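Next, two complexes with chain A in common: one pairs it with chain B, the other with chain C.
Coming up: the complex of A and B.
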């Protein structure tokens, strides 16, 4: 066979595989947008659900997901970034740090429902936090930690060693070098990791199933120790647990969740781009 | 031979190992104050190691072993309780490649003083102008102080790095092949500024060639495979070396 023909066939095949990756995503987004857009209205976004969730809005679920994501950020960012700084800047290569790294890799591979059960055991029952926003956020935070730590550590390691040496040679302590040079340079990568982790947290159902999510609670949470509705769980409930649910409400809820998550993604990309342009090395 | 000025830095029987590799072998050396001492020799002779022992930059490396003492003004800088950050403010360093920190020209020069706690804007401006002037860079950058440091040419960047060290008013300036990445004109400017600086500072330089050593050195120390072979005034070592190995090296028979 002609070798140019082989090359053309090869290219065609690779193009098809690339399309195979993209098409399902486009199809999925397309269907949700087309079928869900009809349900979106001011009332849908700002009202309490009524009539067994078949009417009214999904405000408590939106607020719940936003609160859970914020709570997750509050708990996961300090611990995750702190851990990454320790691993990248301070830890020597000992059996302990190797064990920590191994643990992080394994944490990333644990199914989310296991996190949910773990959160139920530790936060809800043992620490008596009850099914609450705090318990749910902490559970999601633990699930998010591996993503944040790995991304942040990688971003910190990507900062040239020379900057640390120069900072030290100018009378800077190790922490001063990290604080003034290394962290600012690693920030875009760290922020990207944080947002990727939070994206996952915002969309998860299993970890919040036993720790925070309310089946039907047509009011806003009053305290961090309150239960709340949340978009992913709400979507699960109205899709499988409530007979006679109008389809457009289901697709509308999916659309809201999708937009929320995708807009977080866009914010991440913008922040990364902004810092990249400002980077000077 | 005129009597050398009082030593600023003194190495006493220093042996230094990276794991199994001996970088310095029983080195004793007195480096005079307010003069340029060139530490030269073929690669792998321990020159950079020697330099980095004076500001304890080798502390950042793991798996090293040291014996002997390094004294600055008679004080053992490896004694327990020595404030390493304070030591590094007294002993500035310029690296082989210009390594500007992220940020502007101004931020680069004032990085050290700000970390050391200088806040007064008037004082900071004084430091900025003085350091850049001493490094023979002020005229070229006085209108570009808030430009990114990486926008300067390579030669300007290296003088910026010198200015950055001088901003801390150190007593000693260590230069590790500071002109290896520079063109001849920039090299000339750096060497000229060193001649000015030696009036106030003790300068230890690893030159990037024997020619440069001969041009700038008041005193020169020849290192070969971790051993100090010969240490005399620049004039003597380059015109009438005593050791055969030094002679072979400075006349270009090896290296």
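Coming up: the complex of A and C.
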């Protein structure tokens, strides 16, 4: 009979553990939302920083992060989705295919700061792109690839084989089957994967440290070869590098970054949920 | 007539475009391998010079003062290890117990809340966690332990533990999921309680998946940069005694991030930072190789366990 008491205590312990995991997350979000809202104003979102970033707004950082994310999307989506199509539709189970999978796992595991070093070595210095939006976007794109490839491949594989068989039996070539039948079916899953990859890129600091980020640049970027401020790096700068920075500005910046990333997260989850419910197969 | 013409063109056109597209897709498929090699190549190109510019005794000494030509990487390596190991010691029990709770015990409504919350945690940018750590966790550590500064190895380890949790929980959950229902039924049929079945049958059956979870979490922790840099105080000291856990340390990643912006391209210091990059690349490569090996092996046996 004692073991049922043990079970009761055990389950209680597990519940406490789950709370220990979840409560700090809720607290973090709560604090940043409450304190951050105080700093948010129209000016904060749309003005240039002034007075050593202590006043004014964070517009160039917001614009910089949006541009970097778009650049990342531009470079990562075709390569990622193409790679996933190869793995799911063309590749046979050979040692070469396993080598690709191993490479993807390792790409996913490379530390973000090492991506920064690589971007500095290849894009900034070797290809003479300088610290620029192009260099930063390409660095982030490579970092994002494994997420996009894995998610897209999973979505493609989830499409039943019969869809391909029927397409082939109607005289479609393999690519026609992929282009007109398989891809449209897998699209929601692919889009979810892309968003999840991009939101990681949007929040990253280490890869853009030496490839694009400007410490203080109170103007909008003029070309893709221009440097720019970016939200994550800006938060790092104002919370560690600038003495006497008002806490409000720090919380406000953290909130804008958090909202940007988490709203993308919610969009991805909603797309996934919506199409999963509507799916016919 | 026009339809006939149409079919004829589609009959001829696809062969060429089919070939082109297949080639393109194949190239994209293999790009991952090319990228890993390219990354390693560039790290070697910029990092290897340090090994003949600086003698080995200096490289593996205990003092990292680049301005004085001292490039001892030991305190940085040990700093990374101490922070990572303590992070895993915290995250492993938390992660496995949460996975068990979610998979085996929690009512549906609790699961519906927990899983999205863990996804949210995975999505929080590391710089935001670092910011939060500086403002809340560090003062807490300072007061609770009565130490001069809250920016310590321990503070970094706690943050890292939370950053590794989403990986550990989701992989451990998959591992528990792959344990056949019959195992649980057998345990219960023998008269064991649900609690006993979980810890003596289900979790042991899932252990290699849990090891994979820990490896992946460790890979994530050792490579983490911003949050660690913001809360560990960044003092390049040898963390040799037990109380160094509650003093500032400096990790390899933080060293690169903090110093690369200020070095001259092509200087010894520049090459030394790339040298640390090589070490990080190789370390994470090995960790992931190990984790991947278990994943591949189990996949062939059917199910990750």
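Here, the second predicted complex is superposed on the first by the 272 of 281 C-alpha atoms of A that agree within 3 Å, B and C clash if a C-alpha of one lies under 4 Å from a C-alpha of the other, contacts with A are read in each partner's own complex, and residues count from 1 in each chain.
In the analysis below, a contact is a pair of C-beta atoms (placed from the backbone, for glycine too) under 8 Å apart; a residue touches a chain by one contact, two chains touch by 3 or more.
These numbers come from a predicted model, not from an experiment.
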item	value
Partner chain in contact with A:181 - chain B first, chain C second, else both or neither	first
Which superposed partner A:169 touches (first chain B, second chain C, both, neither)	first
Partner chain(s) touched by A:203 [first = chain B, second = chain C, both, neither]	second
Which of chain B and chain C A:270 touches, first, second, both or neither	neither
Partner chain(s) touched by A:21 [first = chain B, second = chain C, both, neither]	second
More chain A residues in contact [chain B versus chain C]	C
Touching partner for A:92 - first (chain B), second (chain C), both, neither	first
Common ground on chain A, meaning residues reached by chain C in one complex and by chain B in the other	173, 176
Chain B partner contacts - residues on chain A that touch it in the complex	92, 162-173, 176, 180-181, 184-185, 279-281
Of chain A, residues touching chain C in the complex	3-4, 6-7, 10-11, 13-15, 17-18, 20-22, 24-26, 28-29, 31-32, 78-79, 82-83, 85-87, 89-91, 96, 98-118, 120-122, 125-126, 142, 145-146, 149, 173-176, 196, 199-200, 202-206, 209-210, 232-233, 235-236, 239-240, 247, 250, 254, 257-258, 261-262, 265, 269
Chain A contact footprint on chain C (complex, rising order)	14, 17-18, 21-22, 24-26, 28-33, 35-36, 38-39, 42-43, 45-46, 93-94, 97-98, 100-102, 105-106, 110, 113-114, 116-121, 123-132, 134-136, 162, 165, 169, 193-196, 216, 219-220, 222-226, 230, 253, 256-257, 260-261, 265, 273-274, 277, 280-281, 284-285, 287-289, 291-292, 295-296
Residues of chain B that touch chain A when the two form their complex	55, 57, 60, 62, 85-86, 88-89, 92-93, 95, 97, 99, 101-103, 111-112, 115-116, 148-150, 164-165, 168
